[in-house]
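Heads up, the thing below is written out as structure tokens.
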Amino acid sequence: MEGEKMNEELEKKVFRGRIKVPYKHTAGAYVEKFITEIGKNNKIMGVKCPKCNKVFVPPKMICFKCFEKMEEWVEVSKQGTVKGFTVISHSTPVLPLKPPFAYGIITLDGADTDFVHIINESDPKNLRVGMRVEAVFKEKPRKRILDIEYFKPI
Amino acid sequence: MGKKEKEFQIKWKTDLPYRYSIGKLAVKYFEELKNKKITGSKCPKCGKKYMPPRAVCADCFVEMTVEDMIELSPRGTLEGFTVVNYPFVDPNTGGMRPFPYGYGIFKLDGADTYMMHFVDETDHTKFKIGQRVEAVFKEKTEGDIYDIPYFRLIKEEE
Amino acid sequence: MIYEAVKMALDDAQMEPKDVDAILIGNMDHFEGINFSEMWCGIDAAPGYLKPVVKIATGGTTGSSLGICGYYNIASGFYKNILVVGWEKLNEGGATTGIITAFDPVWERPSLAGALGPLALMANIYAVKYGISSEQAAKVTVKNRRNAANNPFAHVQMPNITIDDVMNSQMISYPLRLHDCCPQSEGACALIYANEEETKKITDNPAWFKGVSTAHYYTFGCDDLMFDLPTAAIASKKIYKKLGIKDPVKDLDVAEIYEPTSWSELSWTESLGFCGRGEGGKLLDEGITQMSGELPVNPSGGVLSSNPIGATALVRFAEAAIQIMGRGGKRQIPDVETAMGMGFGGSLWTELAILGKDPKPLR
Amino acid sequence: MDKEVAIVGCTQTKYEAEKIDLTISELVFEVVKKLHNDLGITNDDVGCVISGSNDFNDGRTIANMAIQDAVGSVRKSESRVSGDGAFAYVYGAMRVLSGEYDTVLVVSHSKCSEGDQNLINNSIFDPYYQRHLGLDQISSAGLMANMYMSKYGISEEQAAKVVVKNRKNATNNPYAHLQKEVSIEDVLNSPMLAYPLKELDFPPYSDGAVAMLLTNAENAKKFTDTPVWLKGYASCTDAYYLGHRTMTDLIGLEFAGKEAYKMAKIEDPVKDLDVAEVFEAFSTHELMIYEALGFCDKGEGGIFIDSGETQINGSIPVNPSGGVLSSNVAMANGLIRVAEIVSQLMGKAEDRQISDAKTGLAYGMNGICSQGNCVLIFGGE
């Protein structure tokens, strides 16, 4: 009872508000192609900078190093190498899965940049930098980045 | 518009909860509001009477405390009005705010600043600048902002 | 979208991305729902990688705060040149919704209806106080939207709009009708600022900053009746005094002001000292603010024609600069020596910049 | 620098988990009023105001609207940098250097207790590629720490030493939020949050505000006998998308550091700097900062903490205030670093004072894992 009373006193001092806003982000041609190819054809696409020849995955319009518009699309592999990982063991409202699970920074074969995604492994002992992983696609794509459900160790 | 609809869009609903501290003066204000009393704060230096009550007099840069709070009348004089007649998402709820609604700016008797609130009238021809308005309290007040759901236009000083 | 504006600005100045010293971004967080939007767009769409990128966000004034911050970046000697970019993609979030969250969560948000609600109140008080008719307000829309037809960048272009069209449009929030209000636009605006030495390398036809001025006001929108925008009077008096401007109508050649509604242009031309109180309607009727008048106001079509919030006020500065450079095409006013740009936003703040053809230093 | 800009006074609040009695405006008023009193000035003596804040953190678009009354900017010029307070300081310095204002008040604040930090941090990520993955500050820190530690063979003990050092330093700082010492074992045994980082590798969330007054060379002595001068500044932004960055080294900071050293004519930072206050968002981040700022060679952050040189009695004390690991006031962190360096150079740092501190470095940052970097170098007379 004592605690409840104290809570009541504290509640008086605050106003519980929310900021609830629905957004529709126009994704642009690059995101559209990337996400659509994942969902429809289970292909992971990147774009190549005409100047430095680097392949960007995920793709974007401008190479931030050369400030060149990138227009050449290339398919990269579904497999890649883990450059770094972390295992999430705390629960937060934004997580797409129930922890524990891992995030990885993955260089897909054929890409020059790294790609951040989920790895379905919860024990840090089974993860190491340099390990190989492969994308697992969602059966029913929902037009978002999670249409690659996760990467699995191979 | 046709082209717009074809655009590939990613939907995202922001829903950020906040616990805003309201400050000691507002805590007192809501305590008084529960008793159907409206309060403001008076600058100890220049005497300006603020509604809503707050801790700083912006003109003098002097602090006001709970001791500087004063009672204001629930009645006031209308300075301007509008009838909102367009749809928009209310960020407080995430849903559409019902419309049309009347909305006015008025000065409560005894205050030097103005306040804006809903007014229970949606026909703009019924409003008149200079007209008297009065706070309408919920029957059972709970000491929160919803205790005064709206103001009403007083036809003649009753 | 941002890349497009940035690329155009760089090409125009014949600059390479590597030549840019620093980047200033203007955008509103909650409008698009992206926290730290400068990190995203400053690098992906502007050449910000391994460069200083700073974001300025002050609501409607974002563009002018940005424009003014750019001025200080150069005037302080910190940078030789700087790229200034403002942008907004309003359809992604909704301006009204975003603007409501700018106000006090306890006292103001529950009943506030975005920017138009208070603007309607201001128009209502102003109209009654000075006996201004809806017809006079409608003339502003007609002037600005017709001007916009000369501006290839303008969003709403209505060369044939009439007073009747405005007065018969849908009532949005009494006394504001649909055509009394600014649209919601998407767009970006990029400018390049440089110091004296750098400027010589870039162009022989620059627009120079003569002075900037800002006035802010109370936290709560209704601490004062703001129908006459007191901050515009404070800020303009400050800058006129600084630059020795006695009669703005004579001393300025063109003004780009931030008029979110037709009524605001009438009322705020008064606050800026273009005419006496209550004479905004007369000023317009006499043709002074028309394209051919003594002090044309908003030859670009103004905010009533395009309103990409994070960029809007910067566009005012840009249009002032365009007029000075003589690059206004069909909207060009002949022989512009001095031009004013105005930003409005936040809790009714005003920000002004006066640009000139003459590089004479400030003060 | 050709022209000079001085800081003549700083005030801070005590940092706490939740200042429930104070609105943001009241919190800001507290430091501004204290600053006025310390300097014996009134609001009329302040030329203009620059604030640094973040809309998501404050739960309010145009967050500076809420503090107009409290910073005394009614009828005055106020502007606001959306981001870390260190950037607000830079804008304030620009206003002084432009010659248009004699005095500028710079303010930064945050009430981390009011919002949900995971949600707020998640919204930093773009809505297409990263946000749906649920990334936030903690998970990105885990990724960064893992990549850094495995590349350079940094141990968890070495990371823990940063926490131990900073938490110990905080016990000398009356403003610090956490004032309890911890041991290496405490850190290693605290619950795992994002492998390899544990709960104590991360900072708390704190409420607080900081304010300072800037002026030019002409006026500085009117306010204090010990003004602190800006000697070097640089800012630099790294790539946005996590995978597009070199996660093992803070390239952006390295770049900014070099530029700032050049401006301040610093050749050997360890020798030439007497103290540094840095924005360390997690334990290993501080080790990475040592490397990026050239306090030690690449990959030797671990060895450097072992050497004890960054302890309060070492050759380059880092975060004698206890750093962000002791008080994490989100957007104000960078300006707090500046304020702490100012206290050191003014000789007013009391129990945490580094003797004979003449030159100091403050580092503030924006975004996730050192995206936007701001390095400032200050000198006493």
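Labels for the chains are A, B, C and D, by order of writing; each one numbers its residues from 1.
Keep in mind that, in the parts below, contacts are C-beta pairs under 8 Å (C-beta built on N, C-alpha and C of every residue); 3 or more make two chains touch, one makes a residue touch a chain.
Remember, it's a predicted structure, so these values are computed and weren't measured experimentally.
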Top chain pair, ranked by how many C-beta pairs fall in contact: C-D
Centre distance in Å when chain C and chain D are each reduced to the mean of their C-alpha atoms: 34
Inter-centroid spacing, chain D versus chain A (mean Cα positions, whole Å): 29
Centre-of-Cα separation between chain C and chain A, whole angstrom: 38
Inter-centroid spacing, chain D versus chain B (mean Cα positions, whole Å): 38
For chain C, residues contacting two or more additional chains: 30, 33, 43-44, 48-49, 91, 94, 97-98, 101, 105-106, 109, 218-219
Two or more partner chains touched - positions in chain B: 10, 12, 14-22, 26, 54, 58, 89, 91-92, 145
Two or more partner chains touched - positions in chain D: 20-21, 25, 56, 59, 68-70, 74, 116, 119-120, 123, 127-128, 239-240
Topology of the chain contact graph, where touching chains are joined (line, ring, star, complete, other): complete
In the complex with chain D, residue positions of chain A that touch it: 10, 13-14, 17, 19, 23, 25, 27, 31, 35, 56-58, 60, 64, 83-90, 92-97, 102-106, 113-118, 124, 129, 144-146
Residue ranges of chain B touching chain A (in the complex, touch as defined): 7-22, 27, 30-31, 89, 91-94, 143, 145
Chain B-facing residues of chain A, complex: 12-28, 31-32, 35-36, 143-144
Interface residues, chain D side, partner chain C - complex: 2-3, 25, 48, 54-56, 59-62, 64-70, 73-83, 87, 90-91, 93-100, 120-121, 123-124, 126-127, 233-240, 251-252, 255, 366-367, 371-372
List of chain D residues in touch with chain A within their complex: 20-21, 59, 116, 118-119, 122, 127-130, 132-136, 138-139, 141-147, 150, 191-197, 239-244, 247
